[in-house]
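Both complexes below contain chain A, partnered by chain B and then by chain C.
What follows is the complex of A and B.
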């Protein structure tokens, strides 16, 4: 279980930022536009607001259980057996998450660039890098994302600046036509994709230097990440219109195809696709890292690194079958995923938080100090 | 040593993938034409011959710069794939410039035909849609023209140039068309092209050997659609009015008659328009506001341009003339085509979303008896490099 490396608060911010954008930026505008039409960007804003609340919850969890990973939080709240069982559920979800994101990557390539290359080939190449990152440890991942951040920012600024001339303001009118309900449900699906999986950052948080100070940083970087996605969604609506955005598999990719500055700077979409590779990499790595960490904690292994390679093989194979087809993928993402992630990302953490608070209160009563030590031991 | 070997192994995936296609394996398609014969699509694709398009010293241009493949199939996708039976290279559509539909197919509806083009990953959305007026798409692609070596490039460039300099022309991309079809408040339109002298042979480089090629292609009129079916053609003046209403005039030239007889041409330097709509006692009440900046371009009458009152008089006449053009265009929409291709419905939707909910189901009928308020403001600011015409002195 040894992870000697420690990451700084700033590195955690970079990770959170890229993690928030993750796959969200590539797929979520379509879902938002399908539910909220031209108000998709309002849905994105609602999503960020909901996300802030979710992060508040996680920060609460961090205060109640300082320095514990998610599996250990479950154990300390629910006792050894129930806690471990819950930990297993989370571990499974981390692996499922890693597999689905790998499928997204492979599917994106197969749909947009290389339809005749087998899926396993793309997925395996990506998985090798992910497994390598997880194996080399948190410090390496954090430094790698620090290195990738300038590239990300550069591409993103380029994206925004080059899209401004093509924007048609009439596309967002009439504002607020769909009403609260679709905007809220769009926001929920956004928060479900971008913020609720952040529960897996609990495998990272114990390794942050001075975690108390990083709380503000978490909020700031998650908000900034959210703003990036809001901007991309807004541009999708402004340029493609709600109809084409809602109908596209990858609306932000359809969006960058529109870049054309003076018939000269055009057809740059393959370069700008670099954006999603960076953010998707961070997201996959985190799912995967959380998965292997949880597994090693559940099994009580001394070195989590021994499971990185076998798990990578399992994840690659699983990603090939995780969605049988893209129609199923969309069904799963829109119908099954939201309640699932709300259960795992909100309801259970909330329960754990309440249990933790209750225990803390009883801890403050001096007469029960022996009981507390028992609690800690379990 | 082992690391070095591993690093070498890592270079393997860089060499390429299953989908690598070298330049000499691509048949780069610039233009595509779709027609329908009985229940089959007839697809024609024009592929560049790279050697002939490249600028060469002393090239006589005896060989045609493009080659056209034609094939039939029950679906467009099948037809395009079937072309590999005739073409040594697989068609590569990422650089498509224009997509032509034969008028006959357009009258049956082109919606289904467009699905492939938005579904296929190779295509971008930066090509223009065109209708071959009174001809098949195949015939229209079959004309070689000077200045631009390939017919699709000619069509692409001339619609781009003409849209910026001549009011009756508009360019429509796939996204525009799809958005219009889906929205309930605007019917789509597509620009038309016409073959001049269709009976002559335009497909040979011989067509280029004369100063005035016998066969040429012209932008001509705008096709009006109801849903995805072509229902008619706007005249030049109606097209002009259409583009003024939809804020699509960048620069153009128009004329007015002088107070004392004769004509005077005005160049539009800048034009902006805004359309709106609301409901007044159960009847749609639409508005068009156009502001235009013009300069005097050609004087063919006796008039004193040095007086302020003359300019004011000209502005008034220009306003009347443009109002008439716009009214005429709207009349055509309301009476002749019975179709709101201007997007007034979308304007109501944007401004009064609640009202639109009741209107949208039978908008085309409601549009027919809508009242329209046209408000034109024209400023004539400059008179070119001279003031009065030198012909003034002869009086």
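What follows is the complex of A and C.
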């Protein structure tokens, strides 16, 4: 597998941070507020806690199968054929994920910015950038996200600071009125959107220098990303109130429209849209990158670039097909998505981890076997 | 519609022109590329001719619908 260079632990941290925020920041406050009302922010905190456990599981998977991509993990755990079949399922999941996120982008553009431009134009433009990133390789993506990070942080801090004067503390009261069930449910949907798709970072982890040392870093950056989303959710509740938040399609976008400093600094919502494009770009690229990487590994190709362009076209077509309308999108995301992502993001990795542990224990010299796996993987 | 069909073909031609020079002597890669390109061009053409393309989410929804509703009932949203 030809790959240009490796990325550093710091770059992985930046990627994880942006990946966590991903689509979550714009879309998830609505779902949280619809489920947990004024306790949506507690739901977000619960989501981060669930996410910590999920990342712990992935780190465990990384320890048991060092230096292997997800397809190779499946193969080494389940044998060639079953493992490859599971790899195919994950590949489809990656491409479907890329398609759905592209639809999110196109839908946001169409409803908020350029209503007269056909959906396929915006989706195609975004897909071109995504495919370009995937073709240029991991190092390029990592450096690009390093360049985008300061902008992201600066704008995010600016937004949060300008939002503070409008906050009304009465909106969050009474705290913990809804009980633990809705909060847990909201947390599950948060973790499902932000943390469980991180299983795709396994297409990246083999190309990180010393992945063992970056475990803490991944934890920290994923938690920081979670904190950003908690802050946005909290401000949505504090400023818009739970009802408007739950009813809007893009509550954080509606939220930023409220910014008004001395009747002078107004209508800065394009900043939030810009932030969202940065993080969504990282997320889409990773879905897509994981998809093409898995495809080329399943087929045993020498370089994954071959499949990027045709797959980009297929992904664009599917992104126009996957959600026929927004009602179907809401239904799919709230009813079908949670069990689906829990199976693919938690249950199967957990099984693979247990199988890996069992295999490690049954072997007489675990240290040498790990070394062999590392040599094979890199 | 003729124009959109032509657009899809031109796009795939552009992809081929972009990718093929780097694939000299790699038989398997060439085959994969052509196969995928034909598949995705077919998909694109089917889309612009407004044919019904099966939605992969429908399949996932079919599998996960019962457990999804069960989960929704076990952990209901606040009233």
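Heads up, the rule we're going with is that the second predicted complex is superposed on the first by the 363 of 378 C-alpha atoms of A that agree within 3 Å, B and C clash if a C-alpha of one lies under 4 Å from a C-alpha of the other, contacts with A are read in each partner's own complex, and residues count from 1 in each chain.
The working rule: contacts are C-beta pairs under 8 Å (C-beta built on N, C-alpha and C of every residue); 3 or more make two chains touch, one makes a residue touch a chain.
Only a predicted model underlies this, so the values are computations on that prediction, with no experimental measurement involved.
Of the two partner chains placed by superposition, only chain B is touched by A:257; chain C is not. In the superposed pair of complexes, A:151 makes contact with neither chain B nor chain C.
When both complexes are overlaid on chain A, the residue A:81 reaches neither chain B nor chain C. Looking at the shared chain after the overlay, A:313 reaches chain C, while chain B stays out of its contact range.
For chain A, the partner that touches more of its residues is C, with chain B and chain C as the two candidates. When the two complexes are laid over each other on chain A, chain A has residues 177 in contact with both chain B and chain C. Contact residues on chain B toward chain A in their complex (touch as defined above): 13, 17-19, 121, 124-126, 175, 178-179, 182-183, 346, 349-353. Residue ranges on chain C touching chain A, taken from their complex, read 11-12, 15, 18-19, 22-23, 26, 28-29, 32-33, 36-37, 39-41, 43-44, 46-47, 53, 55-57, 60-61, 63-65, 67-69, 71-72, 75-78. By the touch criterion stated above, chain A contacts chain B in their complex at residues 111-118, 121, 125, 170, 173-174, 177, 240-241, 243-244, 254, 257-258, 260, 266-267.
Residues of chain A that touch chain C in their complex: 34-37, 39, 92, 96, 100, 177-179, 181-182, 184-185, 188, 299-303, 305-307, 309-311, 313-314, 316-318, 320-324, 332, 334-336, 338-340, 343.
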